[in-house]
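What follows are several structures.
Paired with chain B in one complex and with chain C in the other, chain A is shared by the two complexes that follow.
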Partner chain A sequence: MTTRRTSLQAYLLSAPALVIVALLFLFPSIYNVILSLQEISPFQGPGDGEWIGLGNFEYVFGNPEFWAIARNTVFWLTALTVLLRIVFGLALAVALHSPVLRRWKVRGLARTLVLIPWMVPQVVAIASWRWLLDGSSGVLNQVLVGSGLTESGVAFLAQTSTVWWSIVAIIVWRELPFVVMVLLAGLQSIPDEQYEAASLDGAGRIRAFRSITVPNLRPVLTVVVLVTVIQTFNNFVYVWLTTGGGPGTYTAVLATELYSMAFFANKLGAGAAIGLVMTMIMAVFAVLYMRATRTEDQ
Partner chain B sequence: MSAVTQQEAAPAPSRLRARRRDSSARRASDLVLLVPLAVVLLAIIFPVLWMVYSALRPVQDIAAGVSWSTLLDNISLDAFVRLFEATNFEQYIVNSLLVCLVGTFCTVIVASLAGFALSRYSFRGRGAMFLLLVATQLLPFVVLITPVYLFFSQLGLLNSFPGIVLVYVAMTLPLAVLLMSGFFNGVPRTLDEAARMDGASTLTVIARVIAPLVWPGIVTVSVTAFIAMWEEFLFAQVFLTDDSLKTAQVGLAGLFGEYGTDWGVVMAASTIAAAPTIILFSFLQRRLVAGVAAGAIKG
Partner chain C sequence: MKTSRYIAAAAVGALAATLAACGGEGAEPDDGVVRLTFRQFDPADQIQGLVQAVDTWNADNPDIQVELETVTPNNPQQFAREANSGSGPDLIHIALADAAFLADPNILLPLDELMTEQPLEDADSLLATDMTILEETTWAIPWTADTMAMVYREDVLADAGVSGTPSDWPEMLDVAGQITDSSGGEVSGFCFAAGAQQQAAQWFAINYYMWNNDFQLIENNGGDWSVGATQDQLAGAIDYFNSFFTEGITPTSMQAITDYADPSVAAGLGDGTCAMTFMPPAAFRAVQEQVDAELLTAPMPGGLDDGSTHLGGRALGINANTEHQDEAWQVVQYLLSAETFETYDQYPASASTITQLDVDPAEQGFVDQLPHSVPFVRYIGAPITIASLQELVNQQFSAVYSGQSDSATAAQAIIDAIERELQG
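Entry: the complex of A and B
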């Protein structure tokens, strides 16, 4: 009797949260599957779609540009930026962990400064970088022209040779602090006895880094990679507000393609189909993530 | 001697070996690390410094470029004046504040209730609820835009603050529930049992007994939620198309979308749009960092 009443209470307390999550996550996810099988525009009601089977998928996959867009998403947007974040993030975390900073009493300052890109909203980060990279009066071009490295300003965001590297730079800059922070916490959690024992055994710094730091950080690195992959793969803002996917569709990614398809081409069904593809790819990473965090809990 | 070493090593035991060798004396070789690190950190903060600096420069100087001799000449708030004269940016800021404050309030209340249930009761479906909350965090949020758009167009929630608040509460709720239940776990159950003996209802227990004890946690959850809502772009862009309803981030993006951009104005708007998150972050840096790091490491 008491248990039944207390679980009723638990359901009542959880009800508002569950209703909101169901309304905004659960039902839309299911409805997205239905949409992907229909032809429907943003100006129609939810029931007005026309069933067209797998037509949307045929349409999306049949577009030769789709595969270039998928490649952009996997390589430029996700793999490259995650790799660079891990490399720079690990280097910075090791530097910030060094006792040298404490000796010079700059540890707190350095750790605050490194977080600054993370404190500004993504849209602001993009605005600031677009200004830095501006083709005529951006400060980078002023330095390049002023020092004679280039004759005239480089339109970093308008030409194919530089546009992806510019977007990659913006993403790595804005998202690096998260990686540094987590890796730094990981470094701090390594017990010193291991380093002491290694030093007694005559191991040098590089050996200690390889045999103690790296293996100890491996679980943290796994989680960081999975989290950043999941966050970045779905990101819409960086590409959309930097280039709008251009020049042409040269920098388009799945998230911007979904948006253009749904709200510019007015094909909500095709947009939903792209969304379903993205969800299925991310489901793999979600399962890996849950597995990685669960084994650590044990 | 050994007592001294031990005491010194206590705050950062990780460097016992290094300390024993050279205590805490600064050495010239330290510069091998410090100088490159300083350069890197300067490069990291440069875009933000440049943003604020550009917002303070007069329009003719911005186009003319930079020179050391006139670096700090003619610093003025002119760009901010132009921003407020030429655009509705003050309206966008008010809209953002309204949406984010109401949204944060709702998220904290709803998350407290659900977090309390997860922390204090063992009920059928508890595991499934945890799984659902974690799963929502991993779902591509952008995918929801098409189905939610159609729902909202049917319900008349497009171009309305209640609509965007609902989206933002849903967006921040799962993490908030998980965090709140963690904070509640840190409060001994004997406290709520004692209050119940005195005849307090569950809601009274949460509001009067538990909430005051997890106050720092509630602040963390509020700030995290507020920042996430303040920064959100996609849903605000698609759902709020009326100019009078736009949020700060969407308004800002509209400024640099056009050709012939007045970068002084854009940087002024950027500075304003970044101010709330920078301020909140600075206040709570340590706690937010600890929370994020703990979330990724765990054990």
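Entry: the complex of A and C
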């Protein structure tokens, strides 16, 4: 009797949380699946769509540019920026963890400075970078032309040779602090005794980094990679506000294609289909993330 | 145990109350005053005159108070979401090209009955009604009108020995080239926002060029839509605009900008490194305030030929959910009146009201061109939206400017994409 009452109480106590989860997460996900199977415009009300089965998926996958856009999303937007963030983030985290900064009493200042890009709202960061990279009056071009490195300004955001690198630079700059802070926390959790023991055994700094730092950081690195992949793959604003997918469709990604489909072409169902494809890809990473964190918990 | 139950019950109750509050409308005080919300989407710096006009209305009509709400940029989908769920503002500001989308799901109030009961003063002189009257039902009333005109520095043209703006597109290329050449490449003869983004302003110039050369992207043959241009015609248009870049007349940096009044365009007009561009009246006034130099306007190349430029603008609609139809209609009538346009710095979409305005001589280009401009009605009702056409064209032209594609390939890509959409 007592057990049943306790069980009922547990359900009752968790009910508000379950209702919120259902309303905020489950319902939109199910509704997105419903939309992806309908022909419906953003001007129509819920329930006014026409069921068309998998027609939206055929339409999306039949777009000759879809696979190029998917490649952009996977390689340029996600893989490259995550890789660069991990490499630079690890280097910066190690630098910030260095005893030298503590000796010079600038560790706090350095860590605060690293956080600045993260404090800047994405939209403001992108607007500032657009201004820096402007092909005629941009600060970077003024420096390049003024120092004689180039004869005239470089249209960074209009040339295929520079546009993706510009977007990658913006993403890495803005999102690097998150990686640095998480890795720094990982570094701080490594016991000093391990380094002292290695030092007594004659290990140099590079050897200690390879044999102590990297293995100890591996679980943190795994989580950071998965989280940044999920955050970046779905990101819309960096590309949209920087280039709008141009020049041509050279920098278009799945999130911008989704927006164009839903709100320019008024094909809400096709947009939902792209969203569902993105969700399914990200679900793989979400499962990996959960497995990684569960292993950590255990 | 009891305490835990009370906590659980309170949590469920609080959640239910929160959700109930989300779905409710704000209660209006019962003081006999009708309160209307009028949502408009132009930027705040362009509507000071409208704010003044609404304040005047509120002062003169204590029983019908209007609250002006600004939601910028234009987002008809947001209004549709609200209206479809039974809410939304009473009065709505609509881009002419969006009227058909909002009419289709019946979220706008048909206005014919109200127009019969309380007729508009100058209903016959309204412009662009073919964008707002669909299947013999009036869904919105055209309110303001605009078009794109040439904006130029007369002194910069004079320095290059050019006495006036070009009257057609071939002359445009020649004159712009002459200005750039005579400055040794320092001055861009023609600068324009040539970005790939859907909103990029080049869309308008490209259409003006096409319409002036007697072709268009799509055409309606009695309800049967087809591509309105050949591959050669489209490739010719692409080559024409690409010439500005290949001949060094327009800086490559323009390929990354979207807005006709982008700071780099405004700065170029200000320091004389941009001789000519194009923009609508509101943007022209904003740029005029930013620069010290004297700017003038003139019709676009071919702009005095009927149907070679577009008549854009805004319309006013009433939400089908409003509880105050008559009062909303009274406000619409006021907003359409000459009194409103005494303070609201826009051209009225009314042939008779526009003649009553005292227009700045610098804006003569707009005034000269407007009577020859036509709405985008030629693209309305097609299975492909204007926004999609806009994105497609800007992307493919941009692909050629950036060297990813040649004009013939880009032209074919435009045709293929349109055909794909028209086939459904």
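Here is the rule we go by: the second predicted complex is superposed on the first by the 276 of 298 C-alpha atoms of A that agree within 3 Å, B and C clash if a C-alpha of one lies under 4 Å from a C-alpha of the other, contacts with A are read in each partner's own complex, and residues count from 1 in each chain.
Everything that follows uses one rule, which is that contacts are C-beta pairs under 8 Å (C-beta built on N, C-alpha and C of every residue); 3 or more make two chains touch, one makes a residue touch a chain.
Just so we're clear, the structure is a prediction, and the values are computed from it rather than from any experiment.
K.L.:
After aligning the two structures on chain A, examine chain B and chain C and state clash or fit.
P.N.:
Pair status: clash.
K.L.:
Quick check for you: in the superposed arrangement, does A:Y250 touch first (chain B), second (chain C), both or neither?
P.N.:
A:Y250 sits against chain C, while chain B stays out of touch.
K.L.:
With both structures placed on chain A, which of the two partners, chain B or chain C, ends up touching more residues of chain A?
P.N.:
B
K.L.:
Where does A:A158 make contact in the superposed view: on chain B (first), on chain C (second), on both, or on neither?
P.N.:
second
K.L.:
Would you sort A:Y195 into first (chain B), second (chain C), both or neither based on which partner it touches?
P.N.:
Touch partner of A:Y195: chain B, not chain C.
K.L.:
Applying the document's definition of touch, where does A:T150 land relative to chain B and chain C: first, second, both, or neither?
P.N.:
Neither: A:T150 stays clear of chain B and chain C.
K.L.:
Which partner chains sit in contact with A:P28 here, chain B, chain C, both or neither? Use first/second/both/neither.
P.N.:
In the superposition, A:P28 touches chain B alone.
K.L.:
With both complexes superposed on chain A, which partner does A:G135 reach: first (chain B), second (chain C), both or neither?
P.N.:
After superposing on A, A:G135 lies in contact with chain C but is clear of chain B.
K.L.:
Look at A:V237 in the shared chain and tell me whether it touches chain B only, chain C only, both, or neither; answer first, second, both or neither.
P.N.:
first
K.L.:
Could you tell me if A:P117 is touching chain B, chain C, both of them or neither one (first, second, both, neither)?
P.N.:
In the superposed model, A:P117 contacts chain B only, not chain C.
K.L.:
When the complexes are fitted on the C-alpha atoms of A, one of 133-141, 241-249 or 277-285 in chain B overlaps chain C. Which is it?
P.N.:
With chain A aligned, chain B clashes with chain C through residues 241-249.
K.L.:
Find the residues of chain A that appear in the contact set with chain B and again in the contact set with chain C.
P.N.:
9, 13, 16, 20, 23, 42, 45-46, 134, 137, 263
K.L.:
Touching chain A in the complex: which residues of chain B?
P.N.:
12-19, 24-27, 30, 33-34, 37, 40-41, 44-45, 47-48, 50-51, 54, 62-63, 65-66, 110-111, 113-114, 116-118, 120-121, 123-124, 126, 129, 132-136, 138-151, 153-154, 166-167, 169-171, 173-174, 177, 202, 230-231, 233-234, 238, 249, 252-253, 255-256, 263, 266-267, 269-270, 273-274, 277-278, 281-282, 285, 289-290, 292-294, 296-299
K.L.:
In their shared complex, at which residues does chain A touch chain B?
P.N.:
Touch residues, chain A against chain B: 6-7, 9-11, 13-14, 16-18, 20-21, 23-29, 31-32, 35, 40, 42, 45-46, 92, 95-104, 106, 110, 112-125, 127-132, 134, 137, 139, 142, 146, 173, 176, 178, 181-182, 184-186, 188-190, 192, 195-196, 199, 220, 223-224, 227, 230, 233-234, 236-237, 241, 255, 258-259, 262-263, 268, 271-272, 275-276, 278-279, 282, 285-286, 289-290, 293, 296-297.
K.L.:
Within their complex, state which residues of chain A touch chain C.
P.N.:
5, 9, 12-13, 15-16, 19-20, 23, 41-46, 48, 134-137, 153, 155-160, 243-250, 260, 263-266
K.L.:
Can you check the complex and tell me which residues of chain C touch chain A?
P.N.:
1, 4-5, 7-9, 11-12, 14-15, 19, 76-77, 80-81, 84-85, 101-102, 104-105, 107, 195-200, 251-256, 258, 263-264, 267-268, 384-385, 387-388, 390-391, 394-396, 398-399, 401-405, 421
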